[in-house]
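You will see two complexes here that share subunit A, one where it goes with subunit B and one where it goes with subunit C.
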Partner chain A sequence: MKKFKILAIIFVGLFLLTSMVGDSEDADKLVGVWEPSNKKIKVKIDKISGKYYGKIVWLREPIDPVTGKPKTDKNNPDESLKDVPLKGFRMLKDFVYSGNGEWSEGTIYDPQNGSTYSSVIKLKDENTLDIRGFIGLKTFGRTDVWKRLIMKNKK
Partner chain B sequence: MKYFFKTNLLVLVVIVFWGCGESEPIQTDLQKLETIAVGPLFEGVNTATVEFDIQKILPTGVKKEQLTEVRIKGIQLSLVNTEAPTPNSFTVLLASPNTSMKECGFLKEESIKINNYKVSLAEEQEFLVEILQDKMQTLVIDFNLEGDWYDDLSVTAAIDWELKIKN
Partner chain C sequence: MNIKVLLFSFFLVPLLMVAQDEEDYSMYDDLEYADEGATTFASPKIIGLSPNRFINVAWDVQSPYTMNTSDTIGYLPDASWEIKESSNVNYTGGLRLNANIPIISRNNIVWQMGANYMNTNFSIDDADSSGDPILSELNRTSLSTTGLFTTVFKPLNDKQFLIFQGQADYNGNYTFTDFHSFGLTKYSAAVLWGKRPHDRLQWAIGASRTYRVGELNYVPIIMYNWTSKKEKWGTEILFPAKANGKYWMNKNSLIMFGYELEGGSYHLEGLSNNGNSFELRRGAVRPRIEWNRKLVGFFWLNAQLGTRINYGFTYDELENGKEFFRGFFGQQEIAAFSSLGTSLYGLVGISFVSL
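Let's turn to the complex of A and B:
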């Protein structure tokens, strides 16, 4: 009987351990470089202290036609941050993996109007994300489809 | 019943007086934090991070939960490895497990060119109290490299805090 108990504890422990590793691997599927449907930017998502963040790493039009200088976050609601370079700006913040290929509790920032929305991310397949931005209720929002940037091997 | 009413009133008065108390500044040393971006690093935007606990720089007997007002008076950046390519911009952010990551300031190419590594600070800093009261903090420095660098890159941030606690 005692032997059976020990075996049961080991089995449950192993099961928990493998499911935790599996969860962590699933969560990290968000890490990579992604492109929104408008193809104006590329966003690199990385993991910092257990949460997921995305920064702009490429802009189709990096230079502001008015100033002739690299684009900055000119619509930022904080006046003192309007000169922050847009290249490198963290537009996805604080996403936490909630299981089933979904990341929640995050925000998405729209540099075109300086607004921040609550956001959830759903992994549709290995290389496709549904990113939903909303205010208040998830129902009232907009979803955009982002594609993973796949590096082609040089021949 | 009368006694009960009087006791409640007394408790209320004590709470009101405690709430109205003046915040008192506390002295801390300049906090030097070395952030590391693990190489190889490629041209473009890279990130250096470090986790810390503000409690470690607070005077003995002061707990971070007592902080009522927090401001950053200044941040000075410096590159540890002088052979590494100099980034042409930096953005400094702070995060903690239970709060949102926030921009604290940035450095533009114009400043870097004249060797001025003093960060332009965000005006809005009210979020700092909540971040510093959390169980730990993460300093994040995003920087833009113009070339590749096949090693780690460290950026040190010297942070001058203005901290106040309620007595």
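Let's turn to the complex of A and C:
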């Protein structure tokens, strides 16, 4: 009977451990470099202290045609952030894995108008994300398709 | 605390952070898709477009003006007519509600459904004592529009798109406890094909079935939305319905200047007999200046000041309520005429918007 109890505890422990590892593996599928459907930027998503953040790492047009200088976050409502370079700017913040290939509780920033929207991310397949930015209710929002990018010859 | 740990905290950690910020971004120049890239579709928006109103509540009011009305005897459209009654309209105004809800909003299609309600009350001097049934009816009741509409934006590729808009308006001097026949609902529609050459320009051409000038009409339409390189100036044109220039004072404040055509065909219950529908066809041009100002978050104030110039205020008797098309050249009789003096108007509203 004692042996059975020990075996049961080990079994439950292993089950919990493997599910946690599995969950963590699923959650980290978000990590990587992604490209929105407009192909104007590339965004690198990292895990930092258990949450997911994405920063702009590439711009198709890195130079502001008006100033002739590298683009900055000129539409940011915070005056002190208007000179921050867009390259390196963290536009996805605070995403938490909520299971079933979905990350929620995050925000997405649109540098074109300086607005920050609530956001959820859904992994459609290994290499495709549905990212929805919304205001208040999910109804008042828009979904974009992002595709995974990899280093060449890593396929 | 160990002095080495302190030194590490003060000097090394910031250094490490700087090192992290100085990432070599050139490594991202040459990436490839893990499987295949997403299809790029033309966005329904351009940079610097005025805020898209999801929900809007507004109040519209006009300054006093003179209303002249003919006898109800039937006239050819281009006939001259004599004034039977001339009255002062002390007050014209009412509530306007509009909701525009996205049903599907993805990069490959945007489908929105909306509802609107607009009410216009008239206060006409001596309307009852004049003995004129039209003045009395307008004074006694108010004109209401309750409508449902849908808009579909379908990008064909990264540059071209189609827009379809359909609307059903229930117009008349009804109240919510006294509805008239739903057979009198007015249907409008528009179809446009357009291009979005770059992030600051979109244009389109198309055709519409409209009641903007009161009567049913079919007109070509041109859309031209443009924003300057510095994202300050621009245009938002949907000709002939409206045309505006715009100037962004800053990211939270937008001035627009232009005009809008506004009108509709309204069933007047008290003047309708023998199964016919007596309809007021009213249309006005509203040149105005408009100020949009962010209040808080996604809530914006909308204020307009301008003039209301009468385009048409005529009356038709629709046999068995059946609509007809007179257009610019038709010779169907007009039951009666009114002419309205020009008035100032103001509108104040609050909107829940998306930028």
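Please note the rule applied: the second predicted complex is superposed on the first by the 153 of 155 C-alpha atoms of A that agree within 3 Å, B and C clash if a C-alpha of one lies under 4 Å from a C-alpha of the other, contacts with A are read in each partner's own complex, and residues count from 1 in each chain.
We take it that a contact is a pair of C-beta atoms (placed from the backbone, for glycine too) under 8 Å apart; a residue touches a chain by one contact, two chains touch by 3 or more.
Keep in mind that this is a model prediction, so the values were computed, not measured.
*Asks:* For A:38, decide between first (touching subunit B), second (touching subunit C), both and neither.
*Replies:* second
*Asks:* Look at A:46 in the shared chain and tell me whether it touches subunit B only, subunit C only, both, or neither; answer first, second, both or neither.
*Replies:* After superposition on chain A, A:46 lies in contact with subunit B alone.
*Asks:* Check whether A:87 is in contact with subunit B, with subunit C, with both or with neither, and answer first, second, both or neither.
*Replies:* After superposing on A, A:87 lies in contact with both subunit B and subunit C.
*Asks:* Would you sort A:57 into first (subunit B), second (subunit C), both or neither based on which partner it touches?
*Replies:* So A:57 meets both subunit B and subunit C here.
*Asks:* Given the touch rule stated above, what does A:78 touch, subunit B (first), subunit C (second), both, or neither?
*Replies:* first
*Asks:* Using the superposition described at the top, determine whether subunit B or subunit C touches more residues of subunit A.
*Replies:* Higher number of touched subunit A residues: C.
*Asks:* Who does A:145 touch here: subunit B (first), subunit C (second), both, or neither?
*Replies:* So A:145 only meets subunit C here.
*Asks:* Which residues of subunit A are in contact with subunit B in one complex and with subunit C in the other?
*Replies:* Shared contact residues on subunit A (touching subunit B in one complex, subunit C in the other): 44, 57-58, 87-88.
*Asks:* Show which residues of subunit A lie in contact with subunit B when the two form their complex.
*Replies:* Checking each residue of subunit A against subunit B gives 44, 46, 48-51, 53, 55-58, 70, 78-81, 83-85, 87-90, 93-94, 107.
*Asks:* Once bound in the complex, which stretches of subunit A touch subunit C?
*Replies:* Residues 33, 35-39, 42, 44, 57-58, 65-66, 75, 77, 87-88, 110, 112-115, 126-128, 135-136, 139-152, 155 of subunit A touch subunit C in their complex.
*Asks:* Which part of subunit B faces subunit A closely enough to touch in the complex?
*Replies:* The touching residues are 44-45, 47, 49, 51, 89, 91, 93, 95, 97, 100-101, 103, 106, 108-109, 120-124, 136, 138, 140, 142-144.
*Asks:* Could you pull out which subunit C residues touch subunit A in their complex?
*Replies:* Result: residues 21, 23, 25, 27-41, 43, 47, 54, 101-102, 105-107, 110, 199, 229-230, 251-252, 298, 352, 354-355 of subunit C touch subunit A.
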